[in-house]
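Chains: A, B, C and D, in written order; residue numbering restarts at 1 for each.
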Amino acid sequence: MNFASDNVYGVHPRIMEALSAANDGTAASYAGDDLSKRAETMLSEVFETEVRAFLVTTGTAANGLALSAITPGYGAILCHAEAHISCDECNSPEFFTGGAKILGLHGAGGKITPALIEKTLKGFIRGEHDPKPRGVSITNATELGTVYRPSDVKAISDLIRPRGMKLHMDGARFANAVAGLGVSPAEVTWKSGVDVMSFGATKNGALMLEAVVFFDLGLAEDFAYRRMRAGQLVSKSRYLGAQMVAYLENGLWLENARCANALARKLAAGLSQVKAVSIPNPVEANEVFAIIPRKLNDRLLASGAKFYDWMPDSLGNAIGPDEIFVRFVLSFATPDADVEKFVALAKG
Amino acid sequence: MNFASDNVYGVHPRIMEALSAANDGTAASYAGDDLSKRAETMLSEVFETEVRAFLVTTGTAANGLALSAITPGYGAILCHAEAHISCDECNSPEFFTGGAKILGLHGAGGKITPALIEKTLKGFIRGEHDPKPRGVSITNATELGTVYRPSDVKAISDLIRPRGMKLHMDGARFANAVAGLGVSPAEVTWKSGVDVMSFGATKNGALMLEAVVFFDLGLAEDFAYRRMRAGQLVSKSRYLGAQMVAYLENGLWLENARCANALARKLAAGLSQVKAVSIPNPVEANEVFAIIPRKLNDRLLASGAKFYDWMPDSLGNAIGPDEIFVRFVLSFATPDADVEKFVALAKG
Amino acid sequence: MNFASDNVYGVHPRIMEALSAANDGTAASYAGDDLSKRAETMLSEVFETEVRAFLVTTGTAANGLALSAITPGYGAILCHAEAHISCDECNSPEFFTGGAKILGLHGAGGKITPALIEKTLKGFIRGEHDPKPRGVSITNATELGTVYRPSDVKAISDLIRPRGMKLHMDGARFANAVAGLGVSPAEVTWKSGVDVMSFGATKNGALMLEAVVFFDLGLAEDFAYRRMRAGQLVSKSRYLGAQMVAYLENGLWLENARCANALARKLAAGLSQVKAVSIPNPVEANEVFAIIPRKLNDRLLASGAKFYDWMPDSLGNAIGPDEIFVRFVLSFATPDADVEKFVALAKG
Amino acid sequence: MNFASDNVYGVHPRIMEALSAANDGTAASYAGDDLSKRAETMLSEVFETEVRAFLVTTGTAANGLALSAITPGYGAILCHAEAHISCDECNSPEFFTGGAKILGLHGAGGKITPALIEKTLKGFIRGEHDPKPRGVSITNATELGTVYRPSDVKAISDLIRPRGMKLHMDGARFANAVAGLGVSPAEVTWKSGVDVMSFGATKNGALMLEAVVFFDLGLAEDFAYRRMRAGQLVSKSRYLGAQMVAYLENGLWLENARCANALARKLAAGLSQVKAVSIPNPVEANEVFAIIPRKLNDRLLASGAKFYDWMPDSLGNAIGPDEIFVRFVLSFATPDADVEKFVALAKG
């Protein structure tokens, strides 16, 4: 019963097979191989538009590199206060951007809104004494298991685009968002104003693979240099390309995400029946956040189940002294039986 | 007949099997898994001393991170003018170190000497108007296919250690150096004064794997933060650990290197018999550099063989107008028949 | 009637004379001149201990450079949310430190407390996924015109020192703090645990002059390199030295500060008598912050008086919709008559 | 007899008077004052075109900031191997640009040529494995006392402009170059293709003042943020503006430069008559470089004269074992009698 993270689970068999299949013979290195090129082509197909896609090895690198393409060091990026780039990456966005300010805003349910962004931008009134606002980053699905709808994304883009700001989407769990929303990848990204995204695959079945995907092709101009300089241009690049091809082929990525999302809904439904458990946010992707009694928390952990408690900052006064805020993450590979067993334990 | 690089070849089957074997069940992420821990333990065994080892995904990242542990942005690192960190990494060392100066020295055969270093250090006479010399980086095996012997390494260490400078070894082809030297890994590293090294595995059979290995454990103190900040802390870290364990187990790393080195010697021996071909440096690892007539170069390329021409800077006047300097890299996976066929072509 | 800032006023005549006096003949450049050396000696005398002092040209540079000596790019500095380093320096601390996180805490009256710091540090529980807390920066006098007493400073130091964190004091208005507190410079700095400070002079009568003063001499080790690299090693350094010598000589710095502080108290006393004006924080240095009716604000501005409205974040619900939060800064050079005239206007 | 540097001399009386004159009353801070604005206007007049000018405090900061406007961290700047940015600024260009490569080329007489630049650019053949060449920086007058003529500048611009590269001029001694050349400031800058320059004043009579002057106004777009972030936006900015106004007014800057240049020619003429002294480069500005016997060097130093020996790298084999390469810098404030006395000493 491991709900600690989607990254505690392994690689999907079809991706592992693709790695083996890619192992024959020689191949050009440093992204010159056919599989890397095919991965970019397939991403263009998935997004129904020409994109530039750069494969990298971690989500932190994808985010940092993507942000470096939209802000100089004297700029600011607005995001949610609990965004991964704000509080889980050890100053990595600052490192990649050369010192830009990452400004976390406090929005409900892990999401930021045009109103919040506008209010923040109104504080930038003193020219160069403030950093220059250059972009907004939203995570989809969010760090709190919710999703931005195309209309949510578009509303943010409509606000910031006229100000010359760019919109980044951290899609570490983008597949889960798309599966949860039931919209096309295009609709919730470039058609709604996203300029560049971090397209995650690792959490959803790959071994080690993220892509920085540019919809604003101008932003991609020198990106090959950025990737290289950051130590993210992999020599045996065919093994990144192979993962991406297998991940996208026949819709594996959405298949995995649908599976994980369904497990999340199942877990949420089960926990909802437990007295004294409340689920403050809608379960729209593959994560469930719950307020549970500390005693229950202790009992569940003692049973061997793995999950983390979470910062209750977003809950305001909704959490009592004997309660704890916890997170459960579901993977395509989480055994269905584990969910059932866990719910039974919680009820018991 | 692909001699373009060792990274155009695939992953050794035992390493690919190890990845599959690691794929069952759940595992702690972010270097908390058992395989990552075992990898560090095995590296301590290989080096016959306690080391701290941090697995990362590329050699460029390994070098940059290692250098960031030994120099601040106002420091200088001395290396060979043709060192990978000096001319192949798109300012990556500057990025990771926050702007340190990478000073390339012109030494024969891809190697720098205490005399060269000392002469350079004598130029640092104006206090803070110069950067502060903080380290030396040597590549072993070198970018020109030669090796530093333990006595070479120690002579450099003996010069710089009293000045508070640290010694880094770029071991992208360390296995080839060890195999070529016939010494223990310990002898040519910490026993000779190396403080930190980039321990390469990708070129020699891994999929994507390098380790930053600290012999000076104090330098490793905050290194986990550096790795994370650089986007090099892999979430599904078990797949890095698995590669390293398989790479070291039963001496696979040295077995592969010996194989590649033997092929290099065979190629060199064959080419030496060709009139008008000269091999300016000793062939001590898995690379062969040759001065060949342009006509022969064109004929070999036309035959479908792949190899690169190389900067002739190190040759001085040894190369004529109708000649070209070329590089051949041999891998454990290079077919023996390819070498024979190529030599026959060259002779014919 | 200019209360916009202390930096709208000029240079104290004794400092201007010192510049002229320093203009004869030749002098060593780049801090090698006698006046720069004497400035350092005099700062040691002022602080009653051996310090290392580095003269620079702006407070922003002094802060950034000082912070760079106590945190690497993967570190975090805790400060007040309204600290100059947090919201007035366009990412300069991030620039100088190579990307460190500047974490603003919300404390009453512009001050942070051990309790606030401790609570924040408790959030750093995830190792390298968070930055490493390396220091605390407090501003004295604060950006809200209050001061840290020696006991306030010591309480913070006692909390963070055992955790290996360093304490920085932004002393852009240090003279005003010392004058307001009536303690010795030593008592409120190193004797209370300050490791390094930005010692301001520009706002209090100099032309362009700040000093980074190290009490922890080990932190100063490579600081000359940092200053040079940042373009802050002035060639004709005698003119910085001359300013500092004149600023300290015969206690001019405290004389000026006492004058400005007295004017602030006078202004506050006058405004307190105005109905509907409230002064939320104690006036402990040379700044007065007041909540005033918008109508009064408009009338005062219309009269030609200059002062700025201020972010009301620190006031919570204490400010009404028809009120505005404003700042008045007093300088040694502010005409006494201006204060009287302004108070009369406000009353009228 | 101090020929060590032009920065060992003081401030021109007219500039010192201007500082005093600027000291009355209040003035807007942070470059909002009238004198700063007038300085920009006057620079536009001097250059006969609309420029954007940003006043800063040191030449190192001016250079670093200017370069940061033309290259990102993954870029490269080509310059002379003895350029100040390459070997006198402690990695400052790397700091300001976020890690760009400063590539020093070896040209005769302190100058680089289109041929040298073109040869270097031909080495950039491997895409993102190399940094991206983004600019060239030339110093005028050069670090070896020579000057670039308009035709020299234009030839470089004609080569690099079509490649998207920008041209920076380090004008720490620009007045001396203009005075030496007898051309207009416009002719040798923007009319010949310079995009941005560091316009020096400190060495030629100011107290502490340089300007970053943009001819390519697009490059200036966010420069106010860069200056602020670097701690170079001076609060009491009127004192920078006042210096610049006085420096330009009535041609003081060129008057001073002509005086210094004449002294340099006089010194060179005198030394030329000394047996065993040779002057390898033309004396075109305010510096004289000479090869002199070590014995003479020792005797002159013993007499109390101050001057520095210089790196003989540019001389090749032209210097013998008993000779030394020395530099003499002349200032507008160098006493004529000192030159005469020194020449007499050398002859004697």
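Here is the rule we go by: a contact is a pair of C-beta atoms (placed from the backbone, for glycine too) under 8 Å apart; a residue touches a chain by one contact, two chains touch by 3 or more.
Computed from a predicted structure; not experimentally measured.
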item	value
Of all other chains, the one whose Cα centre sits farthest from chain C	B
Chain pair, C-D or B-C, that carries the greater number of C-beta contacts	C-D
Whole-Å gap between the CA centroids of chain B and chain C	50
Rounded Å distance between chain A and chain C, as computed from the means of their C-alpha atoms	41
Inter-centroid spacing, chain D versus chain C (mean Cα positions, whole Å)	35
Overlap residues in chain A, where contacts from two or more other chains coincide	73-74, 89-91, 95, 98-99, 128-129, 131, 225, 228-229, 233
Residues of chain C that touch chain D when the two form their complex	2, 5, 7-11, 13, 16, 19-20, 22-29, 56-62, 64-65, 89-92, 95-96, 202-203, 207-208, 225, 228-236, 239-240
Of chain D, residues touching chain A in the complex	30, 72-74, 98-99, 127-129, 131-132, 222, 224-229, 233
Chain D - residues contacting chain B, complex	73-76, 87-91, 94-95, 98-101, 123, 126, 128-131, 311
